[in-house]
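In what follows, subunit A forms one complex with subunit B and a second complex with subunit C.
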Partner chain A sequence: MKWYQQTGLEGDTVISSRVRLARNVAEYPFPCRMTQQQRQEVNEKTRQAIFDANAGQFEYIDMQKLTPARAMSLAERHLISPEFAQERKGRALLLGKDERVSIMLGEEDHIRIQALSAGLALDGTLKTAWQLDDVLDEKLRFAFDERLGYLTQCPTNLGTGLRASLMLFLPAVAQTGAMHNLAAAVAKLGITIRGTYGEGSDAKGTFFQISNQVTLGVTEQEAVKNLMDIAGQIIAQERSLRENLKSRGPQLEDRIFRSYGILRNARLLSADEFMSRISDVRLGVGLGMIPEVQLGDVDALLWEMQPATLMANAGRNLDAAARDTLRAETVRETLK
Partner chain B sequence: MCERCGQRQATVHMKESINGELRELHLCAQCAHELGYDTVFGSLNPFAGLGIQDILGSLFSQTAPQHGIGEGKKCSFCGMTFDELARTAKAGCAHCYREFYRELLPSIQRIHGKTQHVGKVPRSAGEAVALRRQIDTLKKELGDAVAAQEYEKAATLRDRIRECEKKVQGE
Partner chain C sequence: MKWYQQTGLEGDTVISSRVRLARNVAEYPFPCRMTQQQRQEVNEKTRQAIFDANAGQFEYIDMQKLTPARAMSLAERHLISPEFAQERKGRALLLGKDERVSIMLGEEDHIRIQALSAGLALDGTLKTAWQLDDVLDEKLRFAFDERLGYLTQCPTNLGTGLRASLMLFLPAVAQTGAMHNLAAAVAKLGITIRGTYGEGSDAKGTFFQISNQVTLGVTEQEAVKNLMDIAGQIIAQERSLRENLKSRGPQLEDRIFRSYGILRNARLLSADEFMSRISDVRLGVGLGMIPEVQLGDVDALLWEMQPATLMANAGRNLDAAARDTLRAETVRETLK
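Entry: the complex of A and B
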């Protein structure tokens, strides 16, 4: 079972929790000044360390050997960065079997450990990432300075090297146009919030990523707590706005059930239309209007109906029309 | 306001050191371009794909104290010059942070607000660092205990601090 097929804590508003740790091996230059030979050496040392401790739990993927669709699919599911999917030479990925953990090798830092979970679960996610960090720490000597902490290629990651983020589902905040003020307010607290799945368009603009910016002079636990506190306030605001929209008349319910109807019947679904409709349905499920649908099913669709993932799972290249047909088919099957 | 043309908003702020005299400059992008500052600090044209690295780059260039451009101090391990580091906002290796520590510190302070790491320490950094961390935490707790007039707890904490300090000296 993949992590996103489960419904996590606060699932109505929090889709996923993610923790990333940036690490570098002391005796090598950072990726921007590495030779291909050095890249191979660091990749191999890391692979060895992980395989020794977690035999059978990880797959080692030479990024250059992946098809573009499979590489993009990993990025769509937030297992790697989009940049990592595009520039693949000398880069490798250690991917946990259940896709809860991934280790990017040769990205902006030598090693980027990442852990993912459904819903609001940053504490547990940090623990998972730290376990992998400890495994690597046993075998590798990390670049570290007593004053500046873990040394990273970009000075914005110095210190803990931790980026904790939550993917939030905020259709009501987005609809009322409160996001702009919210973003400005949290920026003052060292937190950024930005749209995922592209910004601008209404449909896509209901998913947001909120993450810590400051990594030096703040412990991992403090950073996580700070982020959770702020997320908690945003969640409360979103919920009260939802109730407010619901109480204003049948318009919200009508929109939700129209979208549900389309998803259950359409024969062609573009990625844009799918995102817009599934966002409505997810809101309906969160409000208890569609008890027969589980949030886990909705979220599995959310990840798996992305264009490259659709092709990667189908095992062949599909043009836009074929993708739209397959997407509509799968969605109908899931929501039937 | 731009101090050269007095018409456009100043968006480029920098410090220039001429014969040891530090001078601040506030210019609009166009004047900065006409004066050739954008070639020194990398592209300042907001339409030339201004990304986070560019913004950071100009931040590092601006806050580097009295570091004459072209002076060409190089990292002894990877050969990265400070100018290159400032321009790209990327360090070449771990040693860059030691060798350019003083030059980088103001920018690091501006990014993070702080300059001293707290939090996880790798095994390889040695016991000493972990111990010193622990001492700091214990001292904080000691302060809290004293403030709360929990003197028994404070005494225990003081003993533990002494123990840790002995161990650090022993290393």
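Entry: the complex of A and C
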């Protein structure tokens, strides 16, 4: 079972927890100055370290050998960065089973360890990332400075090399226009919050990623605690706004059930409309209005109905119309 | 069971058949020149004739005693004319059980006999109206001229006094813009065709009433045959356009099933939106796409979800928001 098929803690408002650790190997220059030969060496050393430890059954993927759709699909599911999917030469991925952990080799840093979990689970996710960090630390000598901490190519990662993020589901905050003030307030506390899928459409505007900005002069635990404290306040605000919307009349319930009806019946669903409708349904499930639907099923669709992932799972390229048909079919089948 | 809960012949394209016979009692002036005393006398004589013959268990309704909602509801279901619902003084209605027959007393003519059936059934419907005509003819002396036929207040009804109508369901004709040419063509053949619910919205624009215009110099059978011949051609055109729309891709099926999903899930449904969605669903049922839904159920909703009928059946006045809620509830329950 993939990590996102499970329903995590605070699932009504928190979709996923993610931890990323940036590491570099001491005897090599940063990736931007590496030769292809050096890249291969670092990739191979990392692969060997992971495989020797048999750390959770990893697959080693030479990124250059992937089709563009499979590479894009990995980015859609947040297993790699979009840039990593674009520029694939000399880059490799160690992908753990269930897609809970991934290690990007040759991204901005030599090694980027990443762990993902459903719901609010930053402590456990950090622990998972640290286990991989320990495995690699035994075989590789990381670039580390006693005073600064881990050395990274970009100074914004210097120190812990940690980026902890939560993907939040905030439809009520978004609808009531409370996000603008919220973003300004958390920025002062070393936290950034931004739309996960860009700010283009209303629909996409209900998913937000909140992350720590500070990596220098704090411990990993402090950074995670700060992030969780602020997330807790945002979650409380979202829940209170939801109850408020719900109490105002049948309009919210009407919108939620219309979207549910459309998802269960449409024969064509664009990616944009799907995101908008599933966001309504996810809110309905969170509010207890649709007891027959599990959040895990909703979130699996959230990840798997994206264009490249849809094609990757179908095993062939599809034009937009064929994707819309297949998306509608799969959604109908899932919510039936 | 009310007449519209049954599925009639050619139900995919023909919702109902209606026959109206205009009659006047010889010894009285036309209604526009009658005293209230004379109106009462004609109403009472007609009532007596019908009740004596026990012709199909009639209810006698003094129109002035009805609430506005009940009067409007009768008009919504085409059991009386809208004018008859507006001006109710001195007017009465004999309403047959199952609402298959009704006799308006004191409309434009003294007596207007009307019979309704589901689907294409003009011959049988004419027979039903004639049976009532015979019952009344035994007791009352109708204003009749050997050369002209039945005398009516308005010369456009002179002769047979017959208006035969079909309510047609023509979403494909409407969508492809073929109605304009069609209306011009049938006008030359003594037939009028017009939108049943006005031409305001797209939705309402899929229901059309087609009727004979000529009452003088033709027999009733000739008028009905002419109407049925032309209706047959329109039905064939509608069906061919439907197949054409269906073959063009999944867009039609998508629209139909979205409307089906919305009707089965919405918590608020305005009268306009309901008409639009139910029209899509009716098309889907006609095309065999929604085998679990019966046309009789769809058509019952078509009549019963109109604003005044909704209130009449609820037994109380409802504001627009309460009607939208009750409409959505009833539709969900019916299509469940």
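Just so it is clear, the second predicted complex is superposed on the first by the 333 of 336 C-alpha atoms of A that agree within 3 Å, B and C clash if a C-alpha of one lies under 4 Å from a C-alpha of the other, contacts with A are read in each partner's own complex, and residues count from 1 in each chain.
Note that contacts are C-beta pairs under 8 Å (C-beta built on N, C-alpha and C of every residue); 3 or more make two chains touch, one makes a residue touch a chain.
Just so it is clear, the structure is predicted and the values come from calculations on it, not from any experiment.
By the touch criterion defined above, A:L120 reaches neither subunit B nor subunit C.
Here subunit B and subunit C are compared by how many residues of subunit A each touches, and B touches more. Touch criterion not met for A:V14: it reaches neither subunit B nor subunit C. After overlaying the two complexes on the shared chain, residue contacts for A:R141 are found with subunit B alone; subunit C is out of touch. Judged by the touch definition given at the top, the superposed model places A:A71 against neither subunit B nor subunit C.
Using the contact criterion defined above for the overlaid structures, shared-chain residue A:N24 touches subunit B, although it does not reach subunit C. By the touch criterion defined above, A:C154 lies against subunit B but remains apart from subunit C after alignment on the C-alpha atoms of chain A. Of the two partner chains placed by superposition, A:L283 touches none, neither subunit B nor subunit C. The residues of subunit A shared by its contacts with subunit B and with subunit C come to none at all. Those residues of subunit C lying in contact with subunit A across their complex are 250-251, 253-254, 257-258, 260-268, 325, 328. Of all residues in subunit A, only 24, 26, 28-30, 32-33, 130, 133, 137-138, 141-156, 158-160, 162, 190, 214-220 touch subunit B in the complex they form.
Subunit B makes touch with subunit A in their complex at residues 52-53, 56, 60, 77-80, 88-94, 97-98, 101, 104, 107-108, 111-125, 129, 132.
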